[in-house]
C-alpha cells in the first residue's frame, strides 16, 4: 500500500467551538490505482487531503491518527522532511484553477520553482526545458510561448493543465486531485479527466481523486470511498458500489442525479433535509435525520464501519453483515 | 528723551585667557522679511541688518541717545531746517565701493519721490514725502565727505530717525545698481559683519568684516537661526544648539535659568494697551471708560501674565523715554467704584476683539490678555464677548471699528516721544484704534514736533500723556521687557531698546 | 469565496429554525460584545458622552470653574486641589479637559454627520447614476483630494475666521471627498449584486432601489467609516486648535489647550501632556470601536 | 402546453463595448449575443444550454429588461417589449420574472424573508396591504418553507432554502414567464433534485412558462420540453427534448452530450473530447463560431452563415453539414446510449 | 502603457485647473486682506488702498484669475507680497527640506510598516501581532504634534541626545547641490555633515511617519492575511517550498499591490502632516511656510504652493498606478478608463 490513512481525526477551532471535520477516517491507496472520494459539500473531502499534505489552515490540526506513506508516518515528520515529500513524492491539484496559480508570476516561473525546489542541482536552463516539456505533455499548444504567459492570460482549462503540469513535474508517486474539474465547463471537464487518465498511465502513479460527481467516479475510479459528515459511510470497488450501493446515503445520491439515459418524467428522487451543522451533530448516525429507513437505534447510537460482502458500510441496516429488511 | 535703564546685560567679562569659539549662533522667531533697510519694517530684519549696515548716526548702547557713526559729526542750522553731516573718511562698503557723500545721497534719494515705491514701508516715516511737503526736501553733496540735508519744516525727531535701522542706513550704491535697487537678498553695507548666505526658513550667515573702519568684531562668524516656536527656541538654547535666543516667554525664565542659562532683561520701548472705541455707543463717556478701567487690577494682571518681564504701565511711554512719565496719574484699580460706575453707565456686556498671535509688546498674545480682563469684568458683573482673529484679519477688523474695546500695542521706532504720542492724534482709524480726536491734544502734538529737544519738549509730552490718562482713552497695561537668554559661555551680548542686536562685541567661550 | 459559502451553508442550518428570529443588529451586538477592546472603548466613549452632557447641564459637578481664572495660581503643578495642574491663567486643567470633551465630541460627531451626509449623497448619485454625473462629481472630489486636507482646512479657516463652528465646517468640507469615494465604490460593488438586479426585475423604482437595497447594504461600511471618521475629525480639530485656529476663548478645546501649553513645555509639561492624552485616548477609543464594528459587521464573522 | 406563442425572440443582439478610443467611439466589441431567434410557447419549458460565457444569461437579462438589446425584438404576448418606454416596460415586470443562479447573492441580506417576498407584491400593488402577510405565507408554503420563517434573514438559510425564497419572490407577482438562470448549478447534488422537483411542480400548479438556462444537458433534460444549444452568442441547434438527446445533429451538441460522464462504471464510453478552448467573444470570427474546435470541420465552415434551418419537424440546426439538407437527408449519427 | 501615461497626464490638466480655481477662490474671495500685514504696523488706510491697487487686487476676480493662469503656465507665480521676492525662489529654497523629510518619512513608514504588518500577519494572534497592533494603534491615535513635542521633551529636553530644531548645524551646511542635505553631504563625502543631518532628521521623521507607518502596518496586516488565505498560497505550500519563500515570494508580492496604493495615498497625507511636524521641529520646509503665508494672506505664495503640492500628489498617484502595472500583470491599461 502506497498510502495508508489510519483513524485520522482533524479538528478546526472556530468561534463557537470545535468542528470535527474528519472523524476517525481510515482508508488506503494502492500503487497505481485511482481512489475516488465522493461526498457532498462539507463532508470533509478537502480536509482529508489537506491533512495528508500538511496544509491545514492555522486553526485546524490533526487530532489523532496516522498517515503512513510507504510505511512512514507523515505526521511525525519534521517540517523540512515534509517539504521534501510535498510536491515531489505527493503532489496536489486544486478545485479552483482560476485562483490556484499566483497571478503575479509567469507560468514557467511557477513550474520551475517546483522543479528547482526538489532538484536543487538542476540549472535554470534545464529546468525551463523540463517545464516546457511538461507543458507539452499536458497538451498545451505552443508551450514555449505559453510558458511566458501570466495565469490571467489563460483560460480555466489551460490553467488546470498548468496545475497538472506543475504537480507532475517531479513525477510524484501519488497525485491528490481535489475536485479538479468542478469549476470547469463540461467540454473542458472532459478534456481534463481524459488528461488525468493519460498521465496516470504515463507516470504510473496513484491518484486520489476527490469529487462530488458520481459520474466522474464511475468513469474514472478503481475504488470509491463515500464520505458523509467527515466519516466514511461506504467504501467499495467501483463496480460493486454502483451495482449494489448499500448505504441509504449512497443509494440516495445515485438515485437523485438526473440521468441522460433516464426517459421518465417522474420527479427525481430526493434526499430530504440538509447536511447537519458540524457544530451540532446529531447524537446517533449523522444521516439519521435525512434517512428514509431510519430506525430508533440510528438516532441513539453511531454505527460502526463494518465489512459487508465486498463493501465496507457504516449502517445499522447491515448490523449482521447483510441487509436487514 | 533721557534714559536711565537698569541693564542686566551680559557683562563683558573680558577673560582673554579663555579659548573662544569662532561662531556665534543666535535664534530668533522668524526670517527677516528682507535685508534691505529701505524695504523692511520688522524687528527680525532689524536684528540682522544692524550688524551689516550702518547709518550716519547710531544710538548709544543703552539708550536712544544718538552718537556719531558714519558721520563723525553733524550741525543743525538755527531754523532747524538744514542738517550738515561730516562723513567719516576711508570707509569702504563690503563690496569695496568707497563710502562717500554720493553714497549717502543715493541711499536717501531712492526713498524720496519720485523714486520711492510702495514697498518701502519706512521711507515716508524717516524721510517724509516731497508731495506732502514734509521731511526731507533735498540731499545735497557738498563735497566728497560732506552732505547737507534740507527739510521742509523743522522736525526735532529727524535726527533720531537718521540713527534708525529702518530706511536710514547707507547701502552700497554699486550693489544697488547691480540689484535693481533692492538689496533684500544681497545686503551690502559698511558694518562689522558681511553677509554670507541666507537659507530661507533656516538661517542667515554673516562673517566678520576684516576691513571694518572701527573696532573689528570679536567673533568670526554669526549665524542667525529662525525657530518659530518659543519652546523650541528654549530647548535649542538649553541643548546647546544655539548660543542665544530672544523672544522667550516669561514663564520659561525659571526653567532656563535653572538650566544654567543667563537672562537678558531690559525695558523695551513698547506699550501694550486696551483701547476704548470712544466713538462707539458704550464708551462715549469718560465715566464709563473710567469705570471699566477701574475694574482691572493692572499690576496683578501684569505680574501674573508676564511675571517680572513686563512693567505695569501707568502712562503711555516707558519711563526712560520721558522722565515726566512717572508723574502721570492714571486710573487705578477700584472694584467697588467700577461696579457702581458700570452700573450707572448701564454696561452689562462688552464686545471685545483681540488678536491671537503674540506681539512684541504682548508676549502672551492678545487672547490670553483679553481672557484675563474678561475675568476681572466678570467680577463686576460685565460679560465680555471676546472675538479673536489672527493678526492679518485683526487689522482689517479693527479698521471697520466694529467693537467696544480692542487690544493693541506699539513698539517705538526711534525713541522720540512723538513716535508714541502722535498715535492718538492720527486720523487713520487703523493707527488710532480708539478713534480719539481732541483739538487740545492735537495742538500739543504740533507744538512738540517743532520744539527743540530738551526739558521743555519733554514737558509737552508729559502733558499729552496726562491728557490721554484723564480721558481714559486707553487702558495702559504694560511695557514689555526685552527678554533674551544666552548661554553662560557668551559674553558681550545685549539687546538694544530699539530691538536691535549688534553682535560685534559678542564672544563665545569654547 | 467558494469555501466561505459552503461553511456558511452548513453552519447556518441548525440555528434551530423554530427559535425566535434574531435581528442583524442583535447579532452584531453579540459579536461586538466578545471584543474586549471594543467594549472597553465603548464604555470609555459612553463616559465621554456622559461627561460632555453632565458638565453641560450641571457645571456644578466640576471640581473647579473651568473658566475661572486665578492668576495668582498660574501653572500650578498637579496637586490634590488641581489634579492636572493649572494653566497660564490659573484655570484648572482637569475641569477644562472635562468641559473640552463636549467640544471635541461635538466637532467629531457634527463634522462626521455633515460630511457623511454630503459624501453619501454625492457618492450615491455618482455611483448609482454613473456616466457624466459620476465623472463630474468624482473629478470635483479628485480636485479636493489633491490638496492636503490640513492645508485646505487651514485655508478655509483663514478665510472663514476662527471659531468652533468654522472648524466644523472646514473639517466637514475637507472630508467629504473621502466619504463620497468610499460610498461610490461600495455602491458600485453592491450594484453588481444580484439582489439589486432582482429589485429591478420586480419593477422597483430607482429611488427605492437606492434607499432600500443599496444604501442599507453600504450602511455597515459607512458606520465603520463614520466611527473612524469621528476619530480623525477629533484629530483634525485638535490640529487646527494646535495651530491656534480652533476655538474662540474662553472655550476649552483640547488641541487649543495643547497648542497654548506648547510654549511652556519646559516649565509646565503637564499643561500639554494631559490634553494630549485626552485627545489620544478618545481617538484611540473611536478607532478601536470602529475596528470592532468592522469585525462585527463583517458578514463572515456573523455567520456563526 | 398550448400552441400559442408567449415569447418570440427575433434576431436579438447584444454587443458590449470593451474598448473605446479617445472620443468614446467603440473600437472593440464583445458580441455576447449575436442574432438569436427562438420562440417559447405558453406552458412550455424551454431549455437553453451552453458553456460559460456563451451568452445565456445575457439573453435572460434582456428578456427581463436588465440589459437593453443592441438590436432585435422581444415580443411578449404580441407586444414588442424592446420598443416600449421605460415606464411602459415596467408594467410587464409582473409578467416576466427571473430566478438567479447564486442563491447567496440574490437576496438582500438586510431584509427578512417576508419582506423580500412582500416587496414585489407591494411594488406592483397586487394585494391590499392587509392581505400581503397572508399571501407571503402562502407563497412560502408553496415553495415548501414554513410560514414561520417569514421573520428570518437570508443568512440563516442554506443554499437550497434560499433558492426556494428566490423562487417564491418570483412567484409573488404571478408571472407568466420565469427565466431560470442556472437555478441549481450552485447547489449540492442532494439539494439539486429538491429544487428541480419544486420547479417542475410549480409549473404544473401555476401553468408557468420557463426559459430554463443551464450549463449541462443533463439538468435541462429533466425539466424542459424543448432545448436550444448555444455557442459563442449563437444558437446552434433547437429541438424537442427527445429528439435532441437521441438525435443530436450539430457536432457541438454531440460533443456536449458525450462530455457528460455516465453513472455506470461498466459502460465507460469513448467520449468526444473537443480540442482547445472556447474562443473569445470579442470580435469573433465570421462563419460558424464552432469551426475552430469542430471535429467535423470541412471547407466552407469559415464562411458558413450560421443560420438555423429546420432539418426535421421542429428540429433546427445551424451547421454546414445540413446546409442543403431536407429533413430526410439529415445525417444520423451514432446515437449515444 | 505610453498611451495610457499620456492620457493620464492630459487628465491632470482639468484637475490642476480645478485646484487653481478652488485655491484662488478661497484666497482671493474669502480670505482677509493682505494689505495690513504687508504694510505692517504703520499701514495707513490710504497706503493700503494704494497697495491693493498696485497689486491688481481691485480688479474683477475673474480677470485676476485669468492673469494668474496666464502667468502660471509660463511658470511665473508672481512675487511674494511679504518679501517681494519671486515666489519660485521662496518656494525652491524651502522645498528640498520638505522633500527630504517626506522621503525619509515615507521610506521609514513603508519599510517598518510593511515589516510590522508582515510579522503581525504571519504570527497572527501572538505576542508579535499584539505588539505591532499596539504600535499601529498608538500611531493612528496620537496627534503628530503631540508626539513631536513628547519626542523633543524626551530626546532633547531630558536625554540631550538629538537636536530639536533645524536640518543641520549651519556651519556644516552644504552649499549648492540639490538642497537635500543627506544626498549633498554624501556625494561630497562630508560624513560629519551627513551624520549631523541624520541626527536632525531622526525625530521629525519619526513624528511624521508614525501615523503613516500605522496605516501601512494595518493595511499590510490585513492584506497579508487576505493573501495568505488565497488558493495560490496553498498551491505554493503544496510544492514544498520553504515557509519563508512562501511568505516573501508569493504572499508579500501579491499583498504589495494594495499596499502600494496606501503608500501612495500616505505620501499625500505626509505632505499635509509636514505642516504640523515642521511647526514643531522648526523644520524649514514648505509646509510651515505655507501656513504662515495663509495666515499672512500672501496669495501668490499660497496659490503656487498648493498648485505644486497638488501636482506632486497627482503625479505620485500616477506613479503608483504605473507601479501597479509592474506589480500586477493583470492590469491592462489600454482598456481602463481613468
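Things worth noting here:
In order of appearance the chains are A, B, C, D and E, and numbering begins at 1 in each one.
Throughout what follows, a contact is a pair of C-beta atoms (placed from the backbone, for glycine too) under 8 Å apart; a residue touches a chain by one contact, two chains touch by 3 or more.
Because the structure is a prediction, the values reported are computed rather than measured.
Taking the definition of touch as given, a chain qualifies here only if it contacts chain B and chain C alike; those chains are E.
The chain pair C-D and the chain pair B-E differ in C-beta contact count, and the higher one is B-E. Placing every chain at the mean of its C-alpha atoms, the farthest one from chain D is found to be B.
Inter-chain centre distance (chain D to chain E, centres taken as mean C-alpha positions): 55 Å. Chain B has its Cα centroid 90 Å from the Cα centroid of chain A.
Rounded to whole angstrom units, the spacing between the C-alpha centres of chain A and chain C is 49. Separating the centre of chain C from that of chain E, both taken as means of CA atoms, is a distance of 24 Å.
Looking at chain A, one finds that residues 41, 96, 274-275 touch two or more other chains. The residues of chain B that reach two or more other chains are 229, 231, 235, 238, 390, 392-393, listed in rising order.
Residue positions 9-10, 12-13, 158, 262, 265-266 of chain C are each in touch with at least two other chains.
Only residues 51-52, 158, 160-161, 188-194, 196-197, 200-201, 215-219, 221-222, 242, 245, 255-266, 268, 271-274, 276-278, 336-337 of chain D touch chain A when the two sit together in their complex. Listed in rising order, the residues of chain C touching chain D in the complex are 5, 8-10, 12-13, 15, 17-18, 21-24, 193-195, 197-204, 208, 213, 216-217, 219, 299, 302-303.
Listed in rising order, the residues of chain C touching chain E in the complex are 139-140, 142-151, 154-156, 158-160, 231, 235, 238-239, 242-243, 255, 258-259, 262, 265-266, 269, 272-273, 276, 279-281, 283-284, 287-288. The residues of chain C lying in touch with chain B in their complex are 67-69, 71-72, 74-75, 88-90, 158, 161-162, 244-245, 248-250, 260, 262-268. Those residues of chain A whose C-beta lies close enough to touch chain E in the complex are 50, 53, 55, 57-58, 79, 82-88, 91-92, 94, 96, 99-105, 113-114, 117-118, 150, 152, 163, 166.
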